[in-house]
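One chain, chain A, appears in both complexes that follow, with chain B as partner in the first and chain C in the second.
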Partner chain A sequence: MTTSTYIAGRGFLYWFDARAKLLTVVLLCVLVFLPMRQLGLWVLVGVAFLCAWRATDFKQALQPLRTILFVLIIMVLFTPLTYRDGEFILFIGQFPFITREALVQVNTLIARFLGITYVCSLYVWTTPMADINLAFRWYGLSYQAALVLTLAFRFIPFIADAFRMIQDSHALRNAVRIEGETGKRQRLLDVVPTVTAALVFALKSIPYLAMTLEHRGLGSSVKRTSYRKLHAKGGIFTHVLLSVMIAAVFFLVFITI
Partner chain B sequence: MKHMLEISTLSFAYQGYGEGVSNHPVLRDVTLSVAEGAKVLVLGVPDSGKSTLARILCALVPRYLAGEVAGSILLKGTEVLQMNPWDLLGRCTLVAQNPQEQLLMTTCGDEVAFPLESLGFAHEKLILEVDAALQKWGLLPLKEVNPQELSGGERKRLLLAVTEAIDAPLWIMDEPFDDLDEQWRDILLKKIQNRNGTVVVFASRYLDEFRGTFDQYCLLTEGNIITDTEEIIVEQFEQASEIQFPLAPKTLKTISHRLSCNQLTIVHPRRSVISNEPFTLHVPEFTVEAGEIVALVGPNGSGKSTLSRVLCGLDLALEGSVSLDGSTLSAKALQATVGYLFQNPDYGIFLPTVRDELGWSLRRIPRLSSKRKKEIVQSCADLFHLQLADNPTMMGYGARKQLQAAVYYILDRPFVIIDELDSGVTYAAAFEIVSLLRSRGAGIVIITHDRTFARNLAERQYKIVEGNVEETEVGA
Partner chain C sequence: MKEINPAKKTALQIALMAVLTAVVVVFTLMFRVPTPIKGYISLCDVIITFSAFLFGPWIAAIAGGLGTGIADVIGGFPQWAPFSFLIHGAQGIIIALIARAGLKKGVPGDAKLFKMILGGVLGMLVMTGGYYLVGGFLHGFKPALVEIPLNLLQSGVGVVLGIIVSRTVLKAYPPVRSLAL
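Moving on to the complex of A and B:
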């Protein structure tokens, strides 16, 4: 029940210290909610995408986009309906669909959402889960709280992994010998039993996860030691400085205040 | 004589759910004494309560799986039933039957280190102990690999490495030999024999290698434990598990199909580590005829499941193709031609009753009246000893495996791959499942580590040796 989000790769993100990287993630996530120029937001998305591509591969780099695509489509469709002020620039028949201001709003929302998704994905892709745990603890989180957070990070992909295995199993059960017999509608309908099975599977695994944690000593009054230690090449100060500089560059170049 | 473990009149019943449902008794007045340093083998057919007893001994049940417990368990004089699981770390360690249940961390090194961190080992000692334990179980090169990317046998070895690193005086091992190939089974047996501490092994199969290995032989049957000489216990166990290998019935169908692959190359990279040489499997030639039983054997992590996933169209090969009667099949067509019974039956079971589960497989068959569908479902349930109203989630592991096989019986695939059927079910049940699937004319590939099982069932055998698949003598 421990699927990792970590993907082995090469590049500066892999030697960038987990603590400094976490600080960068937080700073960039805050930054996208400040009044930044839209170009700045898209530069951030673009840089994050290129980093993801460099760290993994093109297909994997597209994964966050694919994951949130449905939400993005909903944003594009419904946000214009909530911003009705200003100059209408698109009509559907007689119906005024979108104003210039709404277009700006949609653009900003999408860029923010994509930016945050890519920045967070990059962090968990390029940082081993044990290092994320240590980074949380370095910032003062208790061991138990850090463990809960990292387990949550692991449990979600675990469900995704179980989902894929169950999907495979159902694909084999559902397969028919005549090509074209399974339409898209049928595939959509088949998602329901697959999701049900994945949820049942995940729920059933919870007591075993808790059982194993306690069997391996979680809850004991003995002071825990640590197998892993975080090492920042050149010192943690350099890494934190780099982290702050990345956020500062975006802030100074693209902020509109 | 000092006792490590003293179980007195231990009874346990799982909590029943639903109105009017009574608790299901699993153990009844179990009494057993285990001397310090003794090596004990407890045999029992699947679903006889071995895993439940193992978890009770580690104070995990009824804490996490609700039920009523009575009696006493003394671990070196301390009452286990009143202890917390973490207090037992360093005193007894459990190796679970299903390794997936016990994997917590995202690298093999961290997995071994986690309990040692709980015991307060110093950093330098931790590094030494982790490396030593991984080295002993052949996993040191996989130290940074995610346990999810390991094969079933490698995961079991990882749990054994954790157990060895903790080095508690009492090892409780639930089916520890399952999933292990012959080399690692021998190593485990030697470790058990040479250990100073106490070992209690729960097993649902008596392997030839067990002969003379243990100091105490027991049988868990009808909720109770019987202790006797090795000969008597093994005889009683074989009676209870109906071990027999009758000849496989002749196939009823006369349609002849041939599944084959030629010059297949399969590459399977790991996500968690960068390797310049990703796992690669070469299959110069592999064929299965309709009605034939072929064994696929090989060491842990050799690529048996990887090949199986390509054969049934779930993954693609880098080079080469899989064909049916000489025609190359697409992945989609392969999925409709080759069934795959996953090692874990839960991946394919999701409906509330056995009736729904079997009926779901028939919904794609056009022009079948509902009356006819009901008849098919009923007869299939009878063949596989299933009750239509049962809830699969509440059924035992062996029964879930039978349901999984029943689903493929109804689907009537020309070829079926069965992954480690022999773990979790008796030989008799495994043989029956294979015979039933074969009776419809299916060509069957069985993946197994059990040479006895392969020898008694398979007509031909393929073995994976150092990334190459080659045909060998059955049982070799």
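Moving on to the complex of A and C:
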């Protein structure tokens, strides 16, 4: 199982510091809920899409759209049918389908959701997971919480491989089952031994990991060193300032008040 | 009951949280049951319920919240990660607090069945209600109604399997009691 979401590339987003980038993501995600012009929301979606295209390729840039396509379809189908206030502008036969206000509502919701999706996706595509962890540390995440995060990432592929082997061996045992015993209830019950075996396997590793952490000096009052550090070219202040400026420009240009 | 040295307790807590977080991620991404309307139900709730029954509210909250958050990031839904962290974290806390209420000895997995079910049902409501609220906020309250049955199904399966699995794990691997804090 691949746990990395980072896609290697070049450009502004890769130069931009992980901490400032995180601040930009949060600011932009908050801004899209303020009273913005619809054009502003679509400009954000467009810019985010172009950044994704430049940072990766066209196919990868479409990936966030594909993952939320089903939700978007539900939004397009449901919102006009449930939002009935205002002047109807489209009729299907005798049936009044959509009002002007519903159209505005659908448009806003889709643009907002796409904007948030692309902004968040861009962050995890252009920032290595270790840098994201360090950025959280910079914003005050405790050493122990960061350690849990790092260890979890270290364990995911190991546990995933073990679980796959357990699944395969249980599937082999079930292969000899006679017909008529493969109903939904049986399939659900078949999950129990697999899950139990997988959990016991994972639980057995916990005492060893706890012991290792102790031997590595967990709980010591000596300040911990860090193998990796974040370096912001030009200084972190410049990056944070840039981050605030991006959000402020976006806010001032497209605010409706 | 023998008191555990605080440093040892911290090491054990971190190990428990890290491994269970990894297990939640794996169960969210690997054990998926397809649903008729082009979606998947994951088994992450099984591990959250299991963690809540056996290891208490904080381990369940961190493992459940962090695990589902990481799974969202890895699985291509990073916009849901902070919300999953909060919702599944709250789900773990609620299940554990109710299941272990009044339990003086043993692990929460020894709790009475009705308490486990009650905790599980309230956890289901927290999870379904939480995703409905966030879904409504992100893409409209009416379209978010579609997700309610699927979330109820996912968390319902999670509670049933979580209760069964916590009992079977206690039988299959008795030393797990020594890990419960």
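In this section, the second predicted complex is superposed on the first by the 173 of 257 C-alpha atoms of A that agree within 3 Å, B and C clash if a C-alpha of one lies under 4 Å from a C-alpha of the other, contacts with A are read in each partner's own complex, and residues count from 1 in each chain.
The rule we apply is simple: contacts are C-beta pairs under 8 Å (C-beta built on N, C-alpha and C of every residue); 3 or more make two chains touch, one makes a residue touch a chain.
Please read all numbers here as calculations on a predicted model, not as lab measurements.
Which partner does A:Phe88 reach: the first (chain B), the second (chain C), both, or neither?
neither
What is the contact status of A:Lys204 with respect to chain B (first) and chain C (second): first, second, both, or neither?
Both chain B and chain C are touched by A:Lys204.
Of the partners chain B and chain C, which touch A:Trp138 in the superposed model: first, second, both, neither?
Neither partner.
Between chain B (first) and chain C (second), which does A:Phe97 come into contact with in this model arrangement: first, second, both, or neither?
neither
Going by the contact rule set out at the top, does A:Leu149 touch chain B (first), chain C (second), both, or neither?
After superposing on A, A:Leu149 lies in contact with chain C but is clear of chain B.
Examine A:Leu218 and indicate which partner it touches, taking first as chain B and second as chain C; both and neither are also allowed.
both
Identify the partner contact of A:Thr79: answer first if only chain B is touched, second if only chain C is, both if each is, neither if none is.
Only chain C is touched by A:Thr79; chain B is not.
Have a look at where A:Asp168 lands relative to chain B and chain C in the superposition and call it first, second, both or neither.
first
Name the contact category of A:Trp53: first (chain B only), second (chain C only), both, or neither.
A:Trp53: touches no partner chain.
Give me the intersection of chain A's contacts with chain B and its contacts with chain C, in residue numbers.
Correct list for chain A: 1-3, 154, 196, 200, 204-205, 207, 209-211, 213-214, 218-219.
Touching chain B in the complex: which residues of chain A?
Those in contact with chain B are residues 1-4, 6-10, 128-130, 154, 161-162, 165-166, 168-177, 179, 181, 193-194, 196-197, 200-201, 204-205, 207-220, 222-229.
Can you list the chain A residues touching chain C in their complex?
Its residues touching chain C are 1-3, 5, 63-64, 67-68, 70-71, 74-75, 78-79, 81-83, 105, 109-110, 112-113, 116-117, 120-121, 123-124, 144, 147-149, 151-156, 158-160, 163-164, 188, 191-192, 195-196, 198-200, 202-207, 209-211, 213-214, 218-219.
Can you list the residues on chain C that touch chain A in the complex?
6-8, 10-12, 14-23, 25-27, 29-31, 37-39, 43, 46-47, 50, 62, 66-67, 70, 73-74, 76-79, 81, 138-140, 142-143, 145-146, 157, 161, 164-165, 168-169, 172-173, 176, 179
Spell out the residues on chain B that touch chain A in their complex, using ranges where they run on.
55, 58, 60, 63-65, 84-89, 94, 100-107, 109-110, 113-123, 126-127, 130, 146-148, 270-274, 309, 312-314, 332-333, 335-340, 342, 344, 346-351, 360-361, 364, 393, 407, 411
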